[in-house]
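Following: one structure in structure tokens, then a few remarks.
Naming follows writing order (A, B, C and D), and every chain is counted from residue 1.
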Amino acid sequence: MTKFSVFIAIVLTFWCFFSCKEILPKGLDDDQILDGTVEGLTEAELIQFERGDEAFREVFVKETGLGPSFVTASCISCHAGDGKGHPFTTLTRFGQPDELGNQFMHLGGPQLQNRSLPGYEPEIIPLGATFAKFTPPANTGLGYLEYVSDADILAMADPNDDDKDNISGEPNYGHIPDYLTKKPDAIPKNDKYILRFGKKAAAYNLLHQTANAYNQDMGITSSYESIDAFTLKEIEPEITVNKLNDVVFYLETLKAPIQRNTNDPIIQNGLMVFKEIGCEKCHKQTLKTGKAPIDVLSEKEFHPYTDLLLHDMGSGLDDGYTEASAKTYEWRTPPLWGLGLSSDSQGGAYYLMHDGRARSIEAAILLHGGEALFTKTKYESLSESEKAALITFLNSL
Amino acid sequence: MTKFSVFIAIVLTFWCFFSCKEILPKGLDDDQILDGTVEGLTEAELIQFERGDEAFREVFVKETGLGPSFVTASCISCHAGDGKGHPFTTLTRFGQPDELGNQFMHLGGPQLQNRSLPGYEPEIIPLGATFAKFTPPANTGLGYLEYVSDADILAMADPNDDDKDNISGEPNYGHIPDYLTKKPDAIPKNDKYILRFGKKAAAYNLLHQTANAYNQDMGITSSYESIDAFTLKEIEPEITVNKLNDVVFYLETLKAPIQRNTNDPIIQNGLMVFKEIGCEKCHKQTLKTGKAPIDVLSEKEFHPYTDLLLHDMGSGLDDGYTEASAKTYEWRTPPLWGLGLSSDSQGGAYYLMHDGRARSIEAAILLHGGEALFTKTKYESLSESEKAALITFLNSL
Amino acid sequence: MKYTLVIFLLGLCSFLNGQASSQSSATLLIDSSMLYLNSDAMYRRPFMGNNNLPVSIGGYMDANTSYGATNGSKTGIGFAMPDLTLFLSTRINKRASFLTEVAYASVTGKVQLRHAAIDARLHRLINVRTGLILNPIGAFNQNHDAPNYDFVDRPIAATTIIPAIFSNVGVGLFGKTGNSNWVLGYEAYLTNGFNDKIIDNTLGRTCLQEGVSSFENFSGKPMFTGKIALRNRYAGELGVSYLSGVYTEHDAPTTGKVAVLAVDYSGKFLRNRLLIKGEIAKVSVDIPTTYIQTYGNQQMGGFVDIIGTIAQTSIWGFDHARINIGVRLEYADYNQSKFEETQGIIFEHSRAVVPCISFRPNTKSVIKFNYKYQEQVDFLGNPPLKTGSFQLGFSSYF
Amino acid sequence: MKYTLVIFLLGLCSFLNGQASSQSSATLLIDSSMLYLNSDAMYRRPFMGNNNLPVSIGGYMDANTSYGATNGSKTGIGFAMPDLTLFLSTRINKRASFLTEVAYASVTGKVQLRHAAIDARLHRLINVRTGLILNPIGAFNQNHDAPNYDFVDRPIAATTIIPAIFSNVGVGLFGKTGNSNWVLGYEAYLTNGFNDKIIDNTLGRTCLQEGVSSFENFSGKPMFTGKIALRNRYAGELGVSYLSGVYTEHDAPTTGKVAVLAVDYSGKFLRNRLLIKGEIAKVSVDIPTTYIQTYGNQQMGGFVDIIGTIAQTSIWGFDHARINIGVRLEYADYNQSKFEETQGIIFEHSRAVVPCISFRPNTKSVIKFNYKYQEQVDFLGNPPLKTGSFQLGFSSYF
């Protein structure tokens, strides 16, 4: 029966076609993506991580409490692949140029809900307010950053520049809401606590950050942050504390980004340049966690390239907007880990610095002013190959 | 085919029939009904108004928290068409003749839940308590009354009758529960605030009134008023704060009643009589709102015919029952707007004065005593045509 | 639930083209030359036997659209399909038959059983009916098929005073006697009855429909429904029906009595060119005196349809097509009590007039054009809610 | 509910081979020597008449299993039965017929009505259809039966750009004209349409399917769906269809416009050994400017199936068994807008290639073996989600 042989031939042709492709597509290697858990979680912790991951992807609708005014409808839409965000979800905060606390809370501050459900008007910036735009940061490795001890942070601080290196980082101190548990190793000053998350380090910990984000980014109230962002009235919780805790746990246990090609001599050279010209004075290569309630995060060394401190970044980056004790020109050193993978979550492009204005890593370096001016100048005087090595190194993070 | 002509004939007959009626019935004109919104609400505000309207119509059942003891099962059953109520839903409050606060709270005071679910006993007035009956008031224009400033109210007060006109109105002062936000322009006295809603002006604002009404009229607890009226124990909220806020917003944005036939000379004459014989000393024609969080209610003039003050109404209206600083014989001047439409919500009849005992406008006038005795006497001495003009005027409100 | 359907549907599968041969279809898979195993059971159900008695299937569809206004607020145009039902009947043996009516509830997506009972004849006067029974209270409940009516909506009183469709699990007897000019029939059933949603409902008024509890009986007391009907060939049919039961709360001792008395009439005159049909019902419900008076203890309502055929002719190949005009007058008073406080009457009533024109190509189908004018008065008697609407409907048996 | 179905389904069972006698069954309880009473109504429905026209019942089943991986995360093997449907059709009279399709929704356990309409013919060019109608937008929606396709999954664009199965209650006209070489047909319906779940959904993108509101119309404005199709004996059929309506929130004044334009083609060549079939659709939805840009106001998608018969032979007693190979290419772009902030394009698209081999023992049944490679790109255009899977399916009419 010749037909049967035709059949066999066709099947073989098919097979050729298949073998040319990834028949069962593999994922990218772990060092090519930002998501994934820290190693060593227990099974119970993995279950909670999965729940948090699912909650992180939840798209809210009218019925589940979205808005009525909001920035976006899900966590994931700002942090695709757990990476940095896109100008589309860049948010705006408004306030005032002094450090006496936000004067516009009764007018819907600090955050602008620039979108709304049909039939509702989105918020607009009130007259007289200053504002800054914040691009969503990557989520990875946040658990490590959360458990760096206050003592370690203070050890890196040098508010009066006692060592005369022009770098005078200091922590952001602020009052924290009652629903937050103080860290056992907290070192408060005048009832104010060291804050560490966010562009201006205005969030105390990931619970603070998450409860705020649900409330201010999506208009989702919780029993922690129960004031509706639209009506400014206290309303029923729209998510449970359980779900909020799951998301916090998810953020805490997302793995730290993994550096690629660490043995490449160009990259090793780039790291040397990074240290030589002074980048590492703020973008500290290595930190360690203190005691953490999650075992695998306890007393671990890691490489975030940040000191979690505020630095004067110069007038070019001064938006006239303050949070807690951070001045208008002060920004928290952003961790550089995961930098090389940023464009995979920003639609193939770069949107760097706090508001995404830098369209490449080099552009970002060149925007450094204030305390970083000296280092930026040094960068400019590097040879092309040194510059290339530095950029290659940064891209490997 | 003659049958076809028969058919046509029939259709025409039908058409005649239709044309004799309102085929698609029109509603009554805006000045003939009490419901409807104040003008100029935003789309978002209209949405909230609609939600509040729906909640106002909700009939509670066992499953949704009704009772077990209650006065009625829905807001609307006391305020049909947003107008005054009927003796069927006239409620009873009990207490004592002094102003030291309700002594019967532990026995289910201040309000009598005179009905109950099958299997439960309704409440009875405890031994030794005095009581008064309160007919449900109309809801219209309440938002305007809510935002009259304390200063304006105090300006109308004359507790010691300094101007010697026999009229000595004073505000009701009382402590207010924690869940209420104080008005920014509040003028407290010894930690007590000016109350303004209700027959004896015992409610601070519409949220106070509404949370109380859910609790005491229907046995529906909220996180504001969480003590179950039957068991006197704190229980889970049976409605959400959201819904409560929607109903409050609904009440705030119900339009003010619109006067009819204002150009009719008889009515204009009636108004003159109204002022001449002194009615307007308490039933103030024109008030204005202060700053209000709802734009369209802010700094508006309106014509409620009340001063929101307590007045001695004489022994005939003394029920021996007090609320806050109101004495047994003191009653808050009820707004007269909407008076002419009262019978459209009271089943075609009139039930006027605080407990509905007056079956006509004239009967209500004649029940005035105390501070109003002088004016009542003047009324009695009017000519029939003057009396008729006054009544016609009142009916036009 | 899932399994139910899977099995059901698989069973039906074989149906598609197996009609020609009454030889049972799926049995080819059972080799009768061998002994049967337990696993063969599904293929050995009696319905697969060769000598199964015939089954009939049918149903009806009812779809409509309307446009109207209530006190000045206009409704737009929307389409609705309130009814899609399926009937099935089969003769079980020479003395018994099974009949069921199933409806698709379009809003919930659920299938709703309206009737499913086996009737067995012992004698012309003594037939036993058991299963889910359409209670014979009034006439509409047992004769509710949309294609039988020239009006788009069901009668107000026959759905909100008497429940409709009102069926309960139970058992009872029926029978009739007579001759070609007169017939007298009776029905008497004991069934499940009502729960306390009769008075614990969000309508704010007594409503039997809300408390129908077809498949469970919390009170432990059966409900009685009975009817006597007399028909004369010329004068039409007159029925008197009575319901007596209790309503009760789940897990509570509280029960109250419920009674309904209904009288119905239908007659055809002028060689079937004039139809007069109507019913009137009176409901009594025990309401605790401490409960809200808006839940009345007496209700009354009824309707009358007058339909005349104005043309009977041959149109589009339909030999006996009819054009009817008619009118329905209806009234429902949900609360016949008086206010304790004032001794004034409690209103809470509704009345409507519905002129209609309809086209019936044959007896199975009807296209209906109605105008409905309705006034609803609240319990205090305040100015009514007036609704006027044009309704276009289509109902057909299939 | 359980009882409902059990009883109903058991009842239907007996249907299996009961067609032989058109003599009706249950009427034994109706004594025709006497007058009928109202209570006889349930036994006097037309379907019990002796001359009832035949009813046809059928359906199809679709079951499959698959194994694959998405970006390295493997799915295990699972079995699914996405479709189990039942058809019922009956002729009401010489000008009208009723047809319904009911599907068992295996996930929810509900019975889902897909189509239930009465068609009445006034003229070859003027037929009226009323009831729950399959809206003729694209070709797949009206021709969705799994046994007609050689692919396990439904086309992406025909289910996520155009809704499927998409049916709404309404009324309309259809008709056709032509000769043995050419035919031109049209359809035009007014039906219920969409609610605001089109943009208020948990998918985070505009999706017509989410907003289908078949049985209720909140907007008060009917939706129009129309199609014109032209077929040539040799060149195949080309259809152009258009949908125009609004979507709305319940109890809110807000409405937005929805429009869909679709073009479909199918043709058979080489003596039916080559089949080409495809459709392309463009969706426009008004989105408030203050809403989230991930909910796009323009969508576009389509698919093309190319199937060739490589063997037509006699196997296992099937005389005309066929072996087909083919491929489906498909694409769906859920958001054709640009970001306001960057003027960069919004991606949010999906594309797939699906080679297949299938075995068709006869025209009613098919065994399908597919490989499906799909890439999904998020709205920012980040590296895609890649899925590859082997799918084995079986679909058959019954």
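Going forward, contacts are C-beta pairs under 8 Å (C-beta built on N, C-alpha and C of every residue); 3 or more make two chains touch, one makes a residue touch a chain.
Predicted, not measured: the structure shown is a model, and the values here were computed from it.
Subunit D is reached from subunit C by a rotation of 115°, derived from superposing Cα atoms (nearest 5).
Chain centres here are C-alpha means, and the one lying farthest from subunit C is A.
Averaged C-alpha coordinates put the centre of subunit B at 45 Å from the centre of subunit C.
Subunit C and subunit D have Cα centroids separated by 33 Å. Subunit B and subunit D have Cα centroids separated by 57 Å. Remark: subunit A and subunit C have CA centroids separated by 64 Å (rounded to whole angstrom).
Subunit C has residues 74 in contact with two or more other chains. Among all residues of subunit A, those that touch two or more other chains are 116, 119-121. Put simply, subunit D touches subunit A in their complex at residues 68-74, 196-197, 199-204, 249, 252-254, 256, 288, 290-294, 310-311, 313, 323, 325, 339-342, 344, 347, 355, 357, 371, 373, 378-383, 386-389. Interface of subunit D with subunit C (complex): residues 1-9, 11-26, 28-29, 31, 33-39, 41-43, 45-48, 52, 54-59, 61, 81, 84, 86, 88, 90, 92-98, 100, 104, 106, 108-113, 116-118, 122, 130-132, 168-171, 190-192, 214-217, 219-222, 397-398. Residue ranges on subunit C touching subunit D, taken from their complex, read 1-2, 4-19, 21-26, 45, 47-48, 50, 52-59, 61, 63, 65, 74-81, 84, 86-91, 94, 97-102, 104, 106-107, 109-113, 115-116, 119, 121, 124, 127, 131-132, 134, 136, 139, 142-143, 145, 148, 174, 176-183, 185, 187, 215, 227, 229, 231, 233, 237, 239, 264, 266, 316-318, 361-365, 394, 396-398.
Against subunit D, the residues of subunit A that register as touching in their complex are 1, 3-4, 6-7, 10-11, 14, 17-18, 21-28, 58-64, 72-74, 77, 80-81, 86-88, 90, 115-122, 344-349. Against subunit A, the residues of subunit B that register as touching in their complex are 42-44, 46-47, 240-242, 245.
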